[in-house]
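Per-chain residue numbering starts at 1, and chain names A, B, C, D, E, F, G, H, I and J are given in the order in which the chains are listed.
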Amino acid sequence: MIEFLVHITLRLPHDMPAEQADALRAAELRRGRELVDAGVIKRIWRLPGTTENVGIWAAHDPTELHAVLAGLPLFPWLTVEVTALALHPIEDR
Amino acid sequence: MIEFLVHITLRLPHDMPAEQADALRAAELRRGRELVDAGVIKRIWRLPGTTENVGIWAAHDPTELHAVLAGLPLFPWLTVEVTALALHPIEDR
Amino acid sequence: MIEFLVHITLRLPHDMPAEQADALRAAELRRGRELVDAGVIKRIWRLPGTTENVGIWAAHDPTELHAVLAGLPLFPWLTVEVTALALHPIEDR
Amino acid sequence: MIEFLVHITLRLPHDMPAEQADALRAAELRRGRELVDAGVIKRIWRLPGTTENVGIWAAHDPTELHAVLAGLPLFPWLTVEVTALALHPIEDR
Amino acid sequence: MIEFLVHITLRLPHDMPAEQADALRAAELRRGRELVDAGVIKRIWRLPGTTENVGIWAAHDPTELHAVLAGLPLFPWLTVEVTALALHPIEDR
Amino acid sequence: MIEFLVHITLRLPHDMPAEQADALRAAELRRGRELVDAGVIKRIWRLPGTTENVGIWAAHDPTELHAVLAGLPLFPWLTVEVTALALHPIEDR
Amino acid sequence: MIEFLVHITLRLPHDMPAEQADALRAAELRRGRELVDAGVIKRIWRLPGTTENVGIWAAHDPTELHAVLAGLPLFPWLTVEVTALALHPIEDR
Amino acid sequence: MIEFLVHITLRLPHDMPAEQADALRAAELRRGRELVDAGVIKRIWRLPGTTENVGIWAAHDPTELHAVLAGLPLFPWLTVEVTALALHPIEDR
Amino acid sequence: MIEFLVHITLRLPHDMPAEQADALRAAELRRGRELVDAGVIKRIWRLPGTTENVGIWAAHDPTELHAVLAGLPLFPWLTVEVTALALHPIEDR
Amino acid sequence: MIEFLVHITLRLPHDMPAEQADALRAAELRRGRELVDAGVIKRIWRLPGTTENVGIWAAHDPTELHAVLAGLPLFPWLTVEVTALALHPIEDR
């Protein structure tokens, strides 16, 4: 498995009806927890004061990672930056 | 404990003697492993193709984190970016 | 308590009705003064010519700070940048 | 008095002799504390992991502020960004 | 009096009715000329090819400058950057 | 005559002998005052805390302006940004 | 005559009716050819894959150039960057 | 034939009807495959987590490349960056 | 195998002896051709006018890619940017 | 022939002997005039106040352009940005 640093920014349009936004956020939260349980999201944090998060995601390759990200309920409103990570010698002992 | 995303770039001057650079890198690696063992560095990765790394560090507050970073053997040659991280609702259940 | 430098930019959509904008701004001002009285906002300034401000905020950790910021009446229209601050040796004597 | 947000980055050349660097840093610390006592530096913080600081400085005008900054012992090695600050309505009551 | 370099960018929404835009622009021009006559705007230039201008503004302090800028008829559609200016030794003789 | 906004940053190498730097700065100051007297530099300000200045320069065309700037004693150590300015309708009455 | 490097980006709103967009583009093309015939646009190129162009424009001064640019049929939807050009010694012989 | 690195970002407006977006995406996919078959698109990749792609395109010159790109069904919603590529000595043997 | 877009910038210090620079460049060229023969570098191009190149590299994972890049003879003088690439539906049929 | 917009920045190290710098600049000027005479450099301008120039260069393809640029006497001290240009419909009639 390859680990990726994934930085996600959410921007919902201001004219989206509140119930639609709430339903999307709830679906996103459920899906996020499934991905944690499946070991795809290994850690995730909120950037304070924002609707951004950073996380450590695991996938066999970038194509698999893309499929997971593109399937998120909020994907059409996300800006996603992906950085592939290599093993660091501090951990490699 | 607070978690921080820490992005570190190392730039050694090209005219540093090889034995000095090697000694500094070895000391940095030893110190890094101590910090892993002490739970300060929770995870760390190499950005492929570079002398940069990103890691998840834990400290009681930014002042304690600064003391640890400023004490790294390679500190005079590092550029460090620190981002304080908040708990994400996906993990908070 | 940890101190944070918080830079906030407000952008209201031009088609928001004036009374809604006025009510939001009044609620934000009231909430801001409560946060000053509670010691959460220690200082705050207007960047001249803009709808931006910078302030010094105090919280136990980034998660608490996020909760306060995300609860601001104008939060959906804010862009927020948070920088965690460490003690400086000039003040540490 | 006008308040300014001042962001200072220190970059000492790697080939400066250690005793010179130490003497300059000690002189800067002494001068910094004089400026705190004189009410010119109202607050100052270290950006963790760096040789940067941010502070709130007070002066009658930008010319006076420049004179103080240009007189710092480390001035030739500093990059300084100055932002003039206006009163915020949250504090103006 | 303190002098400020003020860079202003105007962006009117494309769906603003032409008569509203014309009325706002005429009011802005009148107010601009009042500010020139009052010595607040000391010089102002158009950046060619754009709806941006740069000018030299004078005020007792940033709070007074903000009040003037925030009172411009076009203020809701302006992006304003303010730089406080110090006396230069070439002019100080 | 065309007016230009000129932003100049000076960076002297740290290993320049002090007497050379002092002589260059004195020559630059003398030349600057000649340019003020000649009406080429119409106004000039220090950016506080820096070795940068902004000024309003006048020349018949960019080629003439370049000749003046390239003839400054400190030119080899300057970074210069030139913006050609157009008449603004506020002043054009 | 002064030559200017002019970089123009066109962004039409997606909800502009096709016939309006077509009419504006045709008027812009006609006006562009008039400006070529008049010697104002000396050369112009498309940046491939974009709705941007770069060109060499000639005018007596920035104010005259602004008048021409502000009179383009598509001006309200253009972002324009103007760089004043000086004679180069390679050509000056 | 000249090879170009082409970086394409797609941003569909959120209020585009789903059937229109689906039809456009299907047409784009068909056209993309035609361009692969014709040897114009030599390789193309998805940037994971995004609606961006990078590809290696071949054309006789930038004008031909522009014609192909401007003819894409999704062109009005694309941001395209084109970099002309030269032969590298590693391959030139 | 995973494909990566790799952008490499070479900056040799101006005071490196010419024979050392020539030897390093020759070794880099030999190593580059080995990597082409081994299928690690699938394509590589020169960015015209620069000492930069972009290429398509293949590796099992970012750690393997890092090992190859860090082993290049010119590695200490390279700035490397790595982007992990996913399969694009145009090619996936 | 393909036309390219070429932006060149020259930065000579401050410790280069004056006679070497003068000889290089003279050789560059001679070579530049040869390229003008050969129709490779179609136009070239100085950016006022700088050691930068922009020009319109012509070549059969990016590989040929690179060979010309890499052969400039000052090439080791140049930063070069190349933009391939397409025919614009205003000129295409």
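Convention: a contact is a pair of C-beta atoms (placed from the backbone, for glycine too) under 8 Å apart; a residue touches a chain by one contact, two chains touch by 3 or more.
Remember, it's a predicted structure, so these values are computed and weren't measured experimentally.
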What chains do chain D and chain J have as common neighbours? F
Kindly list the shared contact partners of chain C and chain G, in label order. E
Among G-H, A-I or F-G, which pair gives essentially the same interface as E-G, with more than half of the residue-number contact pairs in common? G-H
Between chain F and chain H, centroid-to-centroid distance (C-alpha), Å: 45
Once you find the CA centre of chain B and the CA centre of chain H, what distance in Å lies between them? 39
Residues of chain C that touch at least two other chains are 4, 46-48, 62-63, 65-66, 82, 84-87
Line, ring, star, complete or other: which one describes how these chains touch? other
Of all residues in chain C, which touch chain E in the complex? 14, 46-50
Can you tell me which positions in chain A touch chain H when the two form their complex? 4, 6, 8, 13, 62-63, 65-66, 69-70, 76-82
Within the complex, chain G is touched by chain F residues 2, 4, 61-63, 65-66, 82, 84-87
Contacts from chain A onto chain B in the complex sit at residues 3, 5, 29, 32-33, 36, 41, 43-48, 53-56, 83-91, 93
